[in-house]
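Next, two complexes with chain A in common: one pairs it with chain B, the other with chain C.
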Partner chain A sequence: MLQLESMVEKLNATFYNSVDFVAREISFPKDQYAILCYYSSMANKKDVQDIVNLLKMQTTVNEKEWDATTSSQKESYNLEKLVEYVCQGFTVLLLLNSQQMVRFTIPDLPHRSPDEPTNESIIRGSHEGFVEDMDVNLGLIRKRMRVPDLIVKKVTVGTDNKAEVYYFYLARFANQDNLTELERKLDLMKDKIDGLYTSGQANDFIEDSPLSPFPQILNTERPDRVFANLSEGKIIIMSDFSPNAFIAPVTLFSFYQSPDDFNSRVIVGSFYRMVRVFSFLAAIFLPAFYIAVVSFHYEVLPIELSKKLKLDISEIPYRPIFEALIVEVIIELIREASVRLPVALVQTIGIVGGLVVGDVIINAGLVSNMVVIVVALTAISSYVVPSVELNTSIRVLRFPFMFAASILGFFGILIGALALVVHLCNLNSLKSPYLYPIVPFDPKKVKQILFRGKHTKSSPQPSSFDPKGREI
Partner chain B sequence: MRRALMFFVISSLFLSGCWDQRLYKDLAIISVIGVDGYIGDIKAYYAYPSSSDDPTQYIVLDGKGKTAREVRMDANNKSEQAIDIAELTTILFNEDTAKKNLYKMLDVYYRSAQSPMTAKIAITDGSVKRYLNLKETIPKEIGEYYLDFIKSFEDYSIYPKTNLEIAANLMFSEGVDLGLPYIKTSGKGLPQAKGLALFNGQKYTGVHLTQRESQFVTLLGHGKANFAELSYLWDKDGEQIPVSFSVIRFKKKKKVAQVGSKIKMTYEIKMPVVMTEYPPDHLNKKKKRDPIEKFIEKRIEKDMAKMFKKCQDAESDVIGIGEEIRAYHPNLWKEGKWKELYKDMEIKAKVNVQIERSGSTR
Partner chain C sequence: MNFTITKVQLFLMLFFRSTGIIFIGYPETIILAGGRDAWIIFFVGSLIVFFQLWIYEKLYKYFELGKFTAWIYIFIWIIVLIGSIIYMQYNLNIWVQQNTPHTISLVLMLLISFYISVSRPSTIINLPVFIIPFIFIFIIYLLFSIPELSLNHLFPIGTSTGGQWMKGTMVAMAAFTGLEGYLVLRKYVLPEDKISFKDILTFQLSITLFIGFLVIVTKMYFATDALPYVTEPILYILKSIEVTFVKRLDIFFFFLWLGWSIISFGLIVFNIRIVYFKQKRKHKIWPMAVLHLIVFIGSVGIINIQVMEFIRNHFHYFYIPTTFILPFIIMLFNRRRKSKCAEL
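Take a look at the complex of A and B:
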């Protein structure tokens, strides 16, 4: 009895007398007494009671295999392991006399229901989304992929918080080179990260060039998107604390595809895919083009347009680049404010922003009509991208182009575009070319960038490698 | 790789040389220029818009000087912003200026890279000042107005398509001459198109064709543009019948023969038409159609003959017969003496009209 009390004290001390830690002695038929320990914050008390009752009952019926239930496992006592299990949310039943412990796998961690992610909503198709719980997430995927060769592996990262990072792939299709590269990077991350608390940290480690403006990992919260990529031989990386799934290797064009394309009709899907490709060009080059035209090459303007435009901008006191920057900055401010604000207030910001930017600023003579049209069109174009990362990257990218255009006109835009293309050609995603199928050129797959094929003919999205065992 | 990229980018920056910024907002964008006088004493007018409200207000600057460049500098001194002609739509020339030598007055435009080669040129009756200071309010900015004015005639196959670039080509080629729109104003109301000013080389001959004759020149020399419409009044047994039609296709065959020292050229024209006006109706009957076709053929042949005569008298080969002779009958061509041959040529047109459609009503 004394031993029991001292053990409870010892356990409490091990867990620093945390208030949500429970170490309680209970009467148990086999050893007379047992200690039940768990974090009350991570376990469902009713479930714990049920299992304990079940075990009690089993001991009286079956002496030998009394511990066998679907969620329990018996092993010999080891304090270090006990601490680890409890921290992971397990409940441990400690039998002191026989130096054994039984752990129940019934963690009851809080998580959301798998609702559709708001930043990736689609019109038709599945409306499920990942949550901050790996079991639920894997369940969402297994539900769609009922095959045994969906391999899930786990890496524990971070000495401080021991976060779990999972990666999974289809053994049939996944490319070994990509896999080796990913494992190398995860190994690297294991040693370097103290505490992994946000997926952005993992992102930097997994990407080939973290300094590039272009994301080399597709980030999604949609199980259907993950599923589609799995069957194309991509590798998915997820963590236990974030609903974001990283998909790699990807190409630039993967970011311009939405599950909507594949759920809608062939022509409609293809049309919107082309609209998105146009939006990419508009989002990067439109403000730069405007600046170049009004500072260097106004002769390209049709005469009908030139009269109004010329008289409008004659009254603006500063150069076109500053004019464009003012509106750009205002739009970025409105965007940032509407992301941070509670949903109820976002509309207010929209109205204030719309009125201020749309009307008063022109009447006040701060900027001209045309620049507001240009910047608004650019902003809309950049939001068309179905991926949040790429859309932020593109919005940042247009500033260097605006400066280049204000210094050198079309020539400056051309030099910027040249640098951009060279950079994109150099970029890799898990050692696979980023600009495929443009570089290296594969004429057969180029059309898949612009068109979505019929489902009756197999046509996965262009990938930087051929998934093994699959004819594309 | 990175070093190579940097080298490439930086060297291309320097190799491009200077790019002078021309801020749109700091320039006076001239849309129409009018020129009076000739080298030694030139007067030019520069019009640019000053307010975008309807009706459009515009300012006309005037410049005086001995050379075309000097005139522009003089006008520049009178403007609060620098004058820029990159968006020029039309240049108007007094007919007296064009009679002396048009190319010498245009040289200043061909030497600057920023000159708009698509600008139209028109010849005016009398001083250009009246054409820039219009009393009537026009619905558009004045540059737009003159541009659309000339373009619409080009669309209707009345004027051959010309601009600064084409004009230079034609002024220097021997086998074909330049024809420019000729506009006239009485001082009241808007200016009117009055035909095609005929050039001989770089000089205006002083003769201009009528609108209808000009249309035939365009059809024969340059083919049908988007539309071609004609209208005649048929005096049939004392009854006045309007006959209007629009040309569907205009096909021509050229036959060249030498008769003595003269060159004889015959245009065989096939012209299916659609009737756009014919009150007596019943065009579905061949018996009714035949006389109308005959009438149209005769009238067109007569008008064309008049047009050929006028061109030959003015020694202006606007149709480009010379090019045809030089290309396909080199034995008849005499370098440098084409105009002498052209004057004495016998040019004829044989027209075959077919009423192919009769419009919505039969």
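Take a look at the complex of A and C:
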């Protein structure tokens, strides 16, 4: 039998006498002595009291199954387990005579209400978003997917903070190869990572090529997007402290699809999908194209435009690459400042950056009008992408192209473009081809890159680069 | 190497392998060789190649390269690679990059080819797909030259001599250089993807229509006497087309051709890779690096107009030994050997 007072002291010492740790002795009919332990910051006291009362009552009525409630579980006392449960937000009732413990109530951790994510807003459709609570998030998904084969699994990662990482998938659609690969990577992460502080850390482990500029995992806070991807056989990875859901395997073109495509009419949805795909080309190549034209290939422009451009840039004291870099850096500074500033000040930054700085640097003769137009168009094109990760990748990618164009003109762009295409062809997401339906080439599916048809049935992504692996 | 392809991928690779490097200069070569009937000669040559392809399909199982024949093919392909890169580099210098040292552009093109060659097979197999949309854009822009075309340059027919027909047919068939790739790649096609007479006909029709269109447009645009002074007639036609938003269309299409040619170059390297690595070799990076180094050394010292002229005037002699004589000797020899083995 465990001693009451010494046990309370031991528990307090185990939890370093933390002020929010509660180890309270209570009278309990079955055992006489019991200790209730929980973190007051993580548990709802009213729920705790209700369940304790229920257990007390059940002990007197049914001696055999006194611990059977919907939210309690009895097991033998083990200090290590007790510590783990309390840290996870459970309340543990320690019975001293029988050396057993009952853990109960779900943790009551603070979280937001499921509002629409600010960086993935849509015009029509559901406006719910994930929050920093896994039960709420799973509820949002199960609300949309009322089937038994939505399987949810959990791994605990990080020796420092024991973060819980969940992954879920639809058993009838998910590809076993993808699943095995993900589980292998999560195992690796479990061994290697000290603490999972931000969801981005998981990215580095799950992605096949973390050094590539292209994201191989789709990040979303929208339950409807997760639902659509589950139906395509994708696997979803979430942690219990972040509203971000990671979707894998994905293709490059997944980043250009938005729930709005299917909320609007077929033609309208297709048109905007096309606009987004073309924005990819504009965002990467437009400044490089400008630099190549003004530095090497003036002759491609009609004479009228060529004259105007020459007049415009003849006053600029340095090469077009520096001119473009100045405006690009200013745009990046404005963007970064607007992300970090309070919402109320963002508009001011927009006015200062867009109007004042833009106008002044042209009047000061630091840059030409044309380069401001080009860089502004590029910035707008890069923001068309409905994914923040790809958006940032594209913004970074245009710099090497600008340098290549300034050294070799169109030839530099061609060499860079070929290298980019080969890199994209080589990429994979959870070992599945990243550039499907181009690699492996599937002529029937290629049109889906630009057009959205009538949505009737989801089709899974192939897991192999070989055409024989296309059928799943 | 372990990979499979579909028949669509096979025909796409063959299309881009054959058309890639030659299409901007080829019309001039065949018109000069075949005279006024050059366009008819081209279609006759294409018909012969169609039957050749059909026989290939019947006999491809017997195309098994031994060590000696594999090295013969590797040697031939290296020569083709050197000739191709010289042609690409020469045109780059002539049309746009007059001041760039040719070693720099050669190295850059070879680096891209090297990157492709050490990537997984699916990369080069599917790279031609990226060119498909540009083919349509290219054809649409060439159609803008219709007002300048003259039927008088096509007719009357029947004026070419027997010698012109002989040489013209050889040059016509040379448009399909690289067809031996069919034999190299055919066995990697999925077994359930049966290649029918119709599939071969569709492929041959599409490649014939594409090159035939270029030949006819060139023939109708230029008087035959003017052609010897125009080295890349397609680019000249594009240069003369006036559109409101771009003054020099030819520059854009020159780079389209260059990208197309680099992919075509990569497809030849892929053939070498398949044949070389069939001998169960493990390391792929070093042999590919050595191959590109050989091509670099082979090409860097001999880029000049004489070599260019030599390549242009003699490239058609490659076709008959590499895609006709050698493959048929190999296939018939293997067939005979197998039937003898079966008898024993």
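General remarks:
Note that in this section the second predicted complex is superposed on the first by the 452 of 472 C-alpha atoms of A that agree within 3 Å, B and C clash if a C-alpha of one lies under 4 Å from a C-alpha of the other, contacts with A are read in each partner's own complex, and residues count from 1 in each chain.
The definition used in the following text is that contacts are C-beta pairs under 8 Å (C-beta built on N, C-alpha and C of every residue); 3 or more make two chains touch, one makes a residue touch a chain.
Keep in mind that this is a model prediction, so the values were computed, not measured.
With the C-alpha superposition on chain A as described, chain C and chain B clash in the combined arrangement. Legend: residue contacts after superposition of the two complexes on their common chain; A:Cys425 is shown touching chain C, with no touch to chain B. Of the two partner chains placed around the shared chain by superposition, neither chain B nor chain C is touched by A:Leu341. In the superposition on chain A, A:Leu281 contacts neither chain B nor chain C. Within the superposed three-chain model, A:Pro320 lies in touch with chain B and out of touch with chain C [touch as defined at top].
In the superposition on chain A, A:Ile267 makes contact with neither chain B nor chain C. Of the two partner chains placed by superposition, only chain C is touched by A:Ile438; chain B is not.
Of the two partner chains placed around the shared chain by superposition, chain C is the only one that A:Ala417 touches, whereas chain B remains out of contact. When the shared chain is aligned, chain B and chain C each come close enough to touch A:Ile303. When the two structures are aligned on the shared chain, A:Leu408 is found in touch with chain B and with chain C. In the three-chain model built by superposing on chain A, chain B overlaps with chain C at stretch 109-117, while the rest of 109-117, 127-135, 163-171 or 217-225 show no clash. Shared contact residues of chain A, touching chain B in one structure and chain C in the other: 296, 299, 301, 303, 306, 408-409, 411, 415, 418-419, 422, 426. On chain A, the positions that touch chain C within their shared complex are 296-297, 299-303, 306, 408-411, 413-415, 417-419, 421-422, 425-426, 433, 435, 438-441, 443, 446, 465-468. In the complex of the two chains, the chain C residues touching chain A come out as 3-6, 8-9, 12, 92, 96-97, 100, 105, 108-109, 112, 115-116, 119-120, 122-123, 125-127, 129-130, 190, 244-248, 251-252, 255, 258-259, 262.
Of all the residues in chain A, the ones that touch chain B in their complex are 293-296, 298-299, 301, 303-304, 306-314, 316, 319-320, 407-409, 411, 415, 418-419, 422, 426. Within the complex, the chain B residues that touch chain A are 1, 5, 9, 12-13, 16, 19, 21-25, 27, 29, 31, 49-52, 56, 86-87, 89, 114, 116, 141, 143-144, 147.
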